[in-house]
Amino acid sequence: MIALHVAAGCGGTGRELAPYADLTALAGFVTRTLTLDPRRGGRLRIAESRGGLVRAHQLQNPGVDRFLTAELPWLAQQGVATWASVAGSSPADIAAVVRRLATAPGLSGIELNLAVDDAASQRLHDGSTPRGAAEAVRAVLDILPDNLALHVKLGADVRRLPAVARAVAEVGCDALVIGGALPAALDNGTPAELSGPAVLPVALRAVRTVRAELPEFPLVGVGGVATAADVRAFGAAGAGAVQVGSALLHDPSALARITSELEEQS
Amino acid sequence: MIALHVAAGCGGTGRELAPYADLTALAGFVTRTLTLDPRRGGRLRIAESRGGLVRAHQLQNPGVDRFLTAELPWLAQQGVATWASVAGSSPADIAAVVRRLATAPGLSGIELNLAVDDAASQRLHDGSTPRGAAEAVRAVLDILPDNLALHVKLGADVRRLPAVARAVAEVGCDALVIGGALPAALDNGTPAELSGPAVLPVALRAVRTVRAELPEFPLVGVGGVATAADVRAFGAAGAGAVQVGSALLHDPSALARITSELEEQS
Amino acid sequence: MTGQATAEVRVSERVGAFQHVTLAAPGVVETFRPGNFVSVALGSPGPGDAHLLRRSYWVHRVRASSTHGATVDLVVRPDGVGGQWLAGLPVGSPVDLVGPLGRPFAQPKEAVPCLLVGEGYAASALFPLAERLVERGCPVTFLLAGDTASEVIDGLDVRRSARAVTVVTADGSMGAQGSVAQALPGALQRSEASVVYAAGPTSTLHAVAGISEQHGAWSQVALEVPQPCGTGLCHGCIVPAVGEDAIAHRVRACAEGPVFRGDRIQWGLL
Amino acid sequence: MTGQATAEVRVSERVGAFQHVTLAAPGVVETFRPGNFVSVALGSPGPGDAHLLRRSYWVHRVRASSTHGATVDLVVRPDGVGGQWLAGLPVGSPVDLVGPLGRPFAQPKEAVPCLLVGEGYAASALFPLAERLVERGCPVTFLLAGDTASEVIDGLDVRRSARAVTVVTADGSMGAQGSVAQALPGALQRSEASVVYAAGPTSTLHAVAGISEQHGAWSQVALEVPQPCGTGLCHGCIVPAVGEDAIAHRVRACAEGPVFRGDRIQWGLL
């Protein structure tokens, strides 16, 4: 059966999801993206579109240190396979975040978030080119302890994906996370990202595109998963694991529901 | 009030839409994309996704000549402002299509379709780069008679759009059509395009992006319009006109409904 | 004239494997002709539902002058998303309905014997046709089929107007055990039909077209291919068919069909 | 313990400007405490609707032992997409419900006089609180407000348990003409309240927090900021608040609130 993860930023601190899901049964719980310093990011605004959520993202997060003191201990104590999503303004900045995480007990791995919309305006390293992506991955690998796995999240830019995915695979990581939210705008024009079932067909295409470029590389699909059928479609496209994000906001029991649907029909 | 068009490929031959919409009140009726020779394109497959349609496109069309004999005369007779959407395998091939259309009575303009997913595999000219786009536009302009206007459809690839839009604007045309369907896949992996309300936030972002690059250039927004609120959002993003596509498949009266909603609230 | 309206569920009852749904649909069905279909949008009328494709349904019966204005009866297989939704609607629910749609059955100019072959819910399309044919004096014979008894649409009205009704089911639970293809040659002989009208799964229609031709009968088939919009706008229901000009065209099943002459369809390309 | 269940509409009636909706919700509301809210997903339960964001509603009343198991009463403004949908559901409709959610009102350790200030539908959050306070021997005074009479939630139960009920409306159609901010100082003096509980629009809560502080009373406000999920998962309901550590944090209104001490909120940044 295809492994299920909680997508970055969609599981709260873990505690809030616990009433609805067996977190220890999860292949991975990915945190919201952490940066070295806290990012206030204005108020995170989330609006509805048909079948989707439009989120004026800005990587709002409490900073890696507060995560380590306020959130990771609980996750570790419960035995949750926790992946810290990380980003930074430069490869060195990213490495600094990873260095903080490297010695924390209870972490399963790092998800390097290169699926960033408009990196420049967010003061983030641009990992959307083969070269920018490879640099960031190399910086992380240089300091990553053996006990932590590395996933690299690449987004769903179908035209650029093959080259970027290949560049990252050549530097090396444990899996690529493919799909995610799409560049979008709120009705008032604010730059934002679209996620939820609306994006599923685009994420499937992204996974399929990378699978064609890298026939053997482990892929994690993300984008729009809400049912067991969606999980199977990602499996057919070439993903070995799938992340569930926005669906949890709509139905906090989605993981349990999908798992039992998958078990019934397998 | 923002002008409404029927998006390419979403109004049948016009006749089928007539029972539900006053075609003569439309700012534009855009045909499905026409090529020099008919394209059978296998069977067009259309599936549902949440809030969207996933269409295994292949520019299936009867060829420009059959359009001229079997479809345009009726549209012209009704006084419908008809725009012929065109594509081809090279700038010269595109020009050949336009040349056939140039002398046809009753056509308002040409919509050059450069919003093509994976041009190579469809044997189509690649208009997704600034240079490829400019070449195609130049080829059309060279032979376009004065009585025909030119719209150029560019898709919603947010990262490439600014450069491509600028290149096209510099060569010249009457308006850019921005947004459209997104590269996607059917559940079984077949390459396809996603349209309908699901893509609205992405199309809005695309229009906003081009508006930022070209503050004055006339823009036509397309993607996911189903309500008057959607039309206004495109207006706020910088579009002077809006095309309605998939919504017509769901509700053939959508144009009349949107028009009256717009009138009520203005 | 084709129209769109918010219809209302009047009656909804399970009969065998199917849900028979009666909709009050003034303005949408008055001009109905046998072989037409209607198209339904899922969810409450208006742009709120996540499902964008319409669903097409054969018209089982139209009553133009019920006390509540015109009504239309549909026979719905309550299986997929749309079928379950429509079949499950309580009386009084609004339904976004478009119709009548499509080219109807062409009816013979003279009173010739006709064989009507219907399998499963699709047989519903043949009942209004039978009425008209009988009115015109054509002797009508029915061949009804289904996987099992519950899928054979009830023949009450049929027996009244038809000369003969043969039933076959795949499991033999009603009528003879067998398929349309097996029963058709005998039915053709007995009925001496010169025209065969058929509605059912594509494979059945293909068989009907072939066997009818062998027996020198015309066939008209009511073809179901997936119809994303049902109104002719999307070109998503293309069927390869040979036109009167003897040239193969790619035509829309919803607009140029759904009724075709059986010998015009390029079955191998479907 | 918070839970998710398919609740069922038991009663739905219009009272003034709002729809009072009673849901049978076993397993979801038994552990309810005043100040909690519940969260509703639009459409039929399951992944079919185009609206993904949940909607939060204050709990007006919980009856743990009705004949049909636990029920919860909501007061719904039937305006937007979600409000119209919920208010329009016929009795018997299923509703995807999560609850109880959020931190409840902190109740005083001793039997001190309390002033409960509620404007519009949000006043509903104060009624279960009043019951508990009265049980604990706290003298309870109500200040109820609305734009107009129909928006003031009916005070029948209130008059029974409260020491006094003052009503103000913006248009003077019920009680005195005026706003909460205008009426609060007098109400504070008359009630001699040392704790003020408030629920209503943010601007009203801001005024309550300020005026209470000036009068030396504690305030607890039930804050409504848009809650995309309501369950603490999305971090979309961030409120800038000063923690017990005197440091400003960005906390989630749904998980760390929705009830806050009035003096902890950085109102200017909201």
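Going by the order they are written in, the chains are A, B, C and D; count residues from 1 in each one.
As a convention for this text, a residue touches a chain if its C-beta (ideal position, glycine included) is under 8 Å from a C-beta of that chain, and two chains touch if they have at least 3 such contacts.
Because the structure is a prediction, the values reported are computed rather than measured.
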Average the CA atoms of each chain to get its centre, and name the chain whose centre is farthest from that of subunit A. C
Write down the chain pair with more C-beta contact pairs when A-C is set against A-D. A-D
Between subunit A and subunit B, what distance separates the C-alpha centroids? Give it in angstrom. 34
Centroid of subunit A to centroid of subunit C, CA atoms only: how many Å? 49
Subunit A and subunit D, separation of their C-alpha mean positions in angstrom: 35
Would you mind pulling out the distance in Å between where the CA atoms of subunit C average out and where those of subunit D do? 55
Going through subunit D residue by residue, note those that touch at least 2 other chains and give them in order. 47, 50-51
I need the residues of subunit B touching at least two other chains; which ones are they? 50-52, 196-197, 226
Quick one: label the inter-chain contact graph as line, ring, star, complete or other. complete
Partner subunit B, residues of subunit C touching it in the complex: 1-4, 41, 47, 50-54, 96, 98, 226, 228-229, 231-236, 238, 250, 252, 255
Partner subunit D, residues of subunit C touching it in the complex: 48-51, 81
Note which residues of subunit B are touching subunit C in the complex, please. 9-13, 15-17, 19-20, 32, 40, 43-48, 50-53, 55, 60, 62, 196-197, 226-227, 246-254
Subunit A-touching residues of subunit C, taken from the complex the two chains share: 47, 50
Contact residues on subunit B for subunit A in the complex? 49-52, 54, 128, 157-160, 182-189, 191-192, 194, 196-202, 204-205, 208, 224, 226, 229, 233, 236-237
